[in-house]
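Across the two complexes that follow, subunit A remains constant while its partner is subunit B and subsequently subunit C.
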Partner chain A sequence: MAIDVGQFINTFLEESFEGLELIESQLLDLRDDDAEAVNAIFRAAHSIKGGAGTFGFQAVGDFTHGVETLLDQVRTGVRPVTDELKALLLEAGDCIRDMLVAARDGAQTDAARIARVQERIDASLRAPGKRPIPFPPSEGARELEADRRSLEEGASNVQSGSDEGVVADTTDPGLGLRGPGWRIRFVPDPDVMRTGNDPLRLFAVLADFGDLQVRCELEGLPPLAELDPEECRMSWLLTLVSDVNKTDVEEVFEWVLDECTLEVEALDTAQVGDIDPVANDEITPPSLPVGPASMASDHEAVASERARSVGGTACLETVPDAAEGTSLEARGVGGVAVAGRSTPLPERRSTDTGSIRVGIDKIDGLINLVGELVITQSMLGQIGDEMVSGEQACLERLLEGLAQLERNTRELQESVMNIRMLPISFVFNRFPRLVHDLSARLGKRIELRLSGEQTELDKTVMEKIGDPLVHLVRNAIDHGIELPQKRIAAGKPESGQLHLHAYHKGGNIVIEIRDDGAGLDPRRLIAKAVERGIVAPGQELTDEQAHELIFAAGFSTAEQVSDVSGRGVGMDVVRKNIKALGGSVEVRSRPGRGCTFVIRLPLTLAIMDGQLVRVGGEIYIVPLVSIVESLQVRPEAVHSLAERQLVYRLRDEYIPIVFLVELLADGRPPGSLASALLVVVEADGQKLALVVEDLLGQQQVVIKALETNFRRIEGLSGATILGDGTVALILDVSGLIGLCGGRREAAGEVAAGVDAA
Partner chain B sequence: MNELQATGGDVLGIGGETDQYLTFMLADEEYGVDILRVQEIRGWTRATPIPNAPSYLKGVINLRGAIVPIIDLRERFGLPPLEYGPTTVVVVLKVLGASGSRTMGLVVDAVSDVYSFGPDARQSPPELGAVVDARFLQGLATVGDKMVILLDVDRLLNTGALAVAGLE
Partner chain C sequence: MATILAVDDSASLRQMVVFTLKQAGHQVIEASNGQDALQKAKGSRIDLVLSDVNMPLMDGLTLVRELRKLPAMKFTPILMLTTESSAEKKQEGKAAGATGWIVKPFSPDQLLATVKRVLR
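Presenting the complex of A and B:
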């Protein structure tokens, strides 16, 4: 049965990265008595180890093995949870991630760092825990272990009551049921080969456990004339010298159990006299990772390996702990007495509940199709509208059908778009670690609060918002929250609060990053801006305007540049990136009380509400979000500026007028302003009044990139297909502002217009 | 719809160095493109103009949901433009470039024929004397006493305003 494991490697890597994230998040608030968390961490590490072994990432497997042993000692209560241990495990997690990334990309690992961490793991394995109690102090851990076993027994009777030694046996390997080895008599039924089983493979698995001697007994063989080559008439006597327990051995034969006679007996020590005695000497803790961890883990590793290799033929539930996630769910579903006792693991549950992995390209294909459907629907709708003069009864039915199609299409579109939506916890989850590391480095005390983690947004948006968020959080920790002494002096609690909050508002997701630190000091901001030449000396600014200064290019208020933040490339880039996503970022601050950044983002990048306008005979689409208002021109509100630029007075504001037709349809003379309409748009804090010939409808448009078959065009963010099948271009308002700026410098004057008005 | 799907790769099953070319007319000259690059041939439909683009870029059309740019080959080669009529044809091509494959349409006067050329039938283009920049030519071939100009689609449609990065 040759299975190409290559196709599973990606899945393994993805799962491992998820596992590492889980380890990280659980480690950060790990307490000694939190058996559930310790077990979750252990399981994740164990899965990584098992998978790494299966897929040939030997280095990862070996490294993780040490981590797993440490974790197992925590799990069984031999080793207390200390801050040093947490730090070591966190760093080990980083190493594993590096190694996996390196394995995936074929890159180099930081061998020195890995060796260093490995050295520390080995050292702490050698040094006994500070609390060498052989039995776990926490009832929870034991109960859980017992639960796990009872479940295993229920699920697979092969294992019943086999490994009592698992919990008790941590210090003395001799107490367990583990003998020096096993004598196995394997008499398969003649039909065993017909069911696809091959004794050779079984023996190969056994040989992995240790030293295996195989003797084949040929007594059962019939004379050659009667021999059926498809029947197995041989039997075997195997001697396995290994410290695995009986269950492990029996499990190897799990799939042929119904078709054979199997006897497994423990070997006496005397019986292995001919085996190298050194093997026994090595079984002394703690330098070698023996004991329950390796026992249990080896059998689980085999189980999981088996689960993978048998693929679809086996039912996963019968293989205990085959995939850790499955077992967790199985436990919940089977109702096996875990509920209500242990600390719940919300993060884990949220990602575990019935999700499937689907390639993003498939989803994009679906989205495209649905987009087409939307277009077809609006095309039919248009035809329906035009047929009003036709036969009445028939027409009514058509219109009814069209209305239904429209409703269905919209629902289908919404659900397909939903597939791309992920909870923002995927981004938020990285912050506990970041805050932990940074606050430790800076000597600050910070409590991080996350809320609204289940708020969903588009995967693409999510990928792009990560870095800006990290930047804002770093800033809040580095510049915002003060050192403990300073906070106490200011009459605030010693630890600072950092709160990340996400929620939906309209068609947007809003993310707030709130700290209770020192807040922004307008005077210092202004002084800095003057020093940097961003603001002219003596210029009066309101507090809000002063706060806005932090978004100016090349502005940094850090008194000394640290490696955490403050390289001065920060906030303007943050704002630019968020703008590029069609979002906005604002800051609110009160001196001494802290500061809040509010990020608003569209839920998706694939669909947008647009206003259709006609310019120079062509239809263009203006994103609805950037439109402030649309209005008819009042000639008396048009003023000219140095005879070159027209401005429109809207209430108390003068807004530059832009003849779109000039910008878009080269060489065409701008029409008369009197009959035109103005669409006032805003981007980058600047308003423009766009002159258009006509306002058409508003509709949702599916955004198609021009880059796919062509290239980016300044002033356009893409194209879409209208109901009649023609292409309409989507205007990019900030691009237009840039385009106008360029024009104004290039052209000495803006033609006509003045007279026309 | 007056579009006919181009036939796929192994039409004749001829191995070796022989390549098949689709030829089309342009101002009484016959041009050829590698037939494996031709996705379809369709009639002219109005394109949505792209702002501030060179005149040979007629705009973009909707090709079953994809936004595809349309290039007038006459104008690209500096030939006098022709009024578009019912016989005006758009050859939709797959173009390979730095950023992967793109789909583009070429407006030509009329589609002519399909020929197979072995390596002997092709010769390298002359350096001088052609309207067309020699960079865009793959070579010249002879059919009877006709000359066919073989175009290098990837070079032609990855230069100037058509380049991915938009570098002139």
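Presenting the complex of A and C:
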């Protein structure tokens, strides 16, 4: 039966990536004396190696072997845990990940890098317990490095002499010989069966090779009264007529070699003819010949039958009760030892959530179904509303049922949505490594604090927030937190604090990235913005407005573009990506005290709370989160600006008025403002007053993407299906603000004029 | 067919072993570490144990020692699934009471051949 191991590869890859994550997170705060952590790391590497071999990733297995050996040396106390070793192991982990990713995607690996790391692993292994070869030295460290290296070279020269292992002479004259057969004398130790080895099974395997004759020697047996059924006091003389190798014969006894005396001698041709296994002189002649000498057709049956007949296996069937008491006692002692060992790993940023693995497509299918259910429910709800003319009792029952359906639907929806929710630790977990590497490279000292790692958010949102977060963290380390000398000079602790904090607030998840670095310098920001032509010279900006400049396109405050954060992606892209998720990012800064970025994200992208509004006879949906308030128009608060642009004065704020009907219903003339309603919405700190004809209900809507079902339209974020089956478009407030960009600026400028007037 | 207890902390290896054994018609009980395996062994009649060595909570060697203390498991074949082909590691397993070993990596066919050898 051929079994394709390919079907297990996905599981192997998944668990390997998890293992690598564990290796990384445990390595970052590893100490010599933390045996549990060292063991956990070792096990992870060990599993990757084992699986790699099994599932055909030979290169991964070979590479991981070196890593495993290093870890084994740490585990057994031979090798100390040094920063260099950690760095080497971290990089080796990266190599393994790259190799696995390449294997999965059929891509190329960075062979040169892998070879380099392999070389360093080999070098470390050649110098047992010595410091692993460090990273290529930086300018400053070069002199020291040269000294150290000459020392090391001296040492490794000495080492190489003793390292030449003596090749054991394993040549056996009988090896590989094929003869007419083998005479085997097998004298097992009395305890052989205590390891579950049954001589009969060995003979059965031998019988597969050819004609086997078994003779049991019983003179070792004690008198019946002294017989211990758990001991094997017999020995055997076997004659195997077969052309198998001697090695094959010995391999059969592989598991018991250390628990027996085994002699395997070639039969000569004469002996084959005379099948009767006459004992040679060294062997005590058998006192009790076993069974007829004829070689029956079923050798296996014969072999086992014979051995059984001498009582060799009686002990296998019966369990001596007498042993029960002592073994229970022993078990009790063992149990204590086990309990001591079984202390679970301390909870370290573990990603293990006791989760089950479910294919994302299945979940998406479920979510889709539940979406349909929501639609059905709202359809029924509408029928209920329309049945007012129906019989009273019937109607009540229907309404009651509908209320229940609504409750059930919502509960089901929540629990299904929950399946997609993952703790943000999945994203946070990459930061200890990132911070470790970056701070080492930049010569900064940084303490990373993570909190709220268990805060959950939708997997899709999670996947997309990783990169923006990485960018913000890089920025904080590169530009925010100062070098140790500078910090000391500023009267701050030498180590900078970087705090990632996540929590739920309203239907959102909030992620804060807080550092205690230098903070943003408004004057420098403005100077830079002027230089870049983003701000006109002489323009007055508040500190908050100055801070906002970092999100402007083409803005970078780094004096020199470093390889840390200068990757061609600016904060404008970060903000754009977060906005694309329906979220927002803002910055708070206190000069000299540090900087906090606050990211707000919706918990999920699949469902949202919406306000239904009527515009031009059509129903649109405004995301509830972006609505500030809705109000009846007071004509005296409407101010007219140039080019038919109106602004609405609301509590000393001028808000541009947008006639949705004009924007959405393609040139239809806007109706009168007098009877209209305004929905004031806000995104990115900007407000718009949307003119609508009517406010309808609020309800949860299942978002269907326009891109996949139709095409992307500026100002709309998607569509949904209402209870009566009609499609309603969902307004994208950020997009609308973008569309109305010109008017907004005009509003800003003219607002001053209106005030003056 | 036989009832086999398969113990490995690696899900992929376990899947492979379990699938292979089930295909061959055996009943399989799965465990992901020694503790888990010991619990499960106590509640069932088991013909063969296949166990990994390095596992969290309770390693394979401890598991073998514990299993051998159970009267019902005294002579049951226990094979260690080990990546170390070095004699030292094998002897550790034997000393703990293991019947023998299968060296990883192994193919499904090799696994079945070895299993057949101890289940006669």
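Observations on the model:
The criterion applied here is as follows: the second predicted complex is superposed on the first by the 504 of 757 C-alpha atoms of A that agree within 3 Å, B and C clash if a C-alpha of one lies under 4 Å from a C-alpha of the other, contacts with A are read in each partner's own complex, and residues count from 1 in each chain.
The working rule: a contact is a pair of C-beta atoms (placed from the backbone, for glycine too) under 8 Å apart; a residue touches a chain by one contact, two chains touch by 3 or more.
Quick caveat, the model's predicted, so the values are computed rather than measured.
Applying the stated contact rule after C-alpha superposition, one finds that A:Pro493 touches neither subunit B nor subunit C.
Applying the stated contact rule after C-alpha superposition, one finds that A:Gly715 touches subunit B and leaves subunit C untouched.
With both complexes superposed, C is the one of subunit B and subunit C in contact with more subunit A residues. In the superposition on chain A, contact of A:Leu663 is made with subunit B only, not with subunit C. By the document's definition of touching, neither partner reaches A:Gly365: not subunit B, not subunit C. Looking at the shared chain after the overlay, A:Ala728 reaches subunit B, while subunit C stays out of its contact range. Looking at the complex, you find that subunit A touches subunit C at residues 1-3, 5, 7-9, 11-12, 15, 39-40, 42-43, 46-47, 49-55, 61, 193-198, 200-201, 204-205, 230, 254-255, 258-259, 300, 304, 315-316, 319-321, 323-324, 327, 330-331, 334, 337-338, 341-342, 344-345. For subunit A in complex with subunit B, the touching residues are 368, 371-372, 375, 618, 663-666, 704-716, 719, 721, 725-729.
Across the interface of their complex, subunit A is touched by residues 9-13, 15-16, 19-20, 23-24, 35, 38, 54-58, 62, 65-66, 68-72, 74-78, 83, 91, 94, 97-101, 104-109, 112, 117-118, 120 of subunit C. If you check the complex, the residues on subunit B that touch subunit A are 46-53, 59-62, 64-69, 102-104, 162-166.
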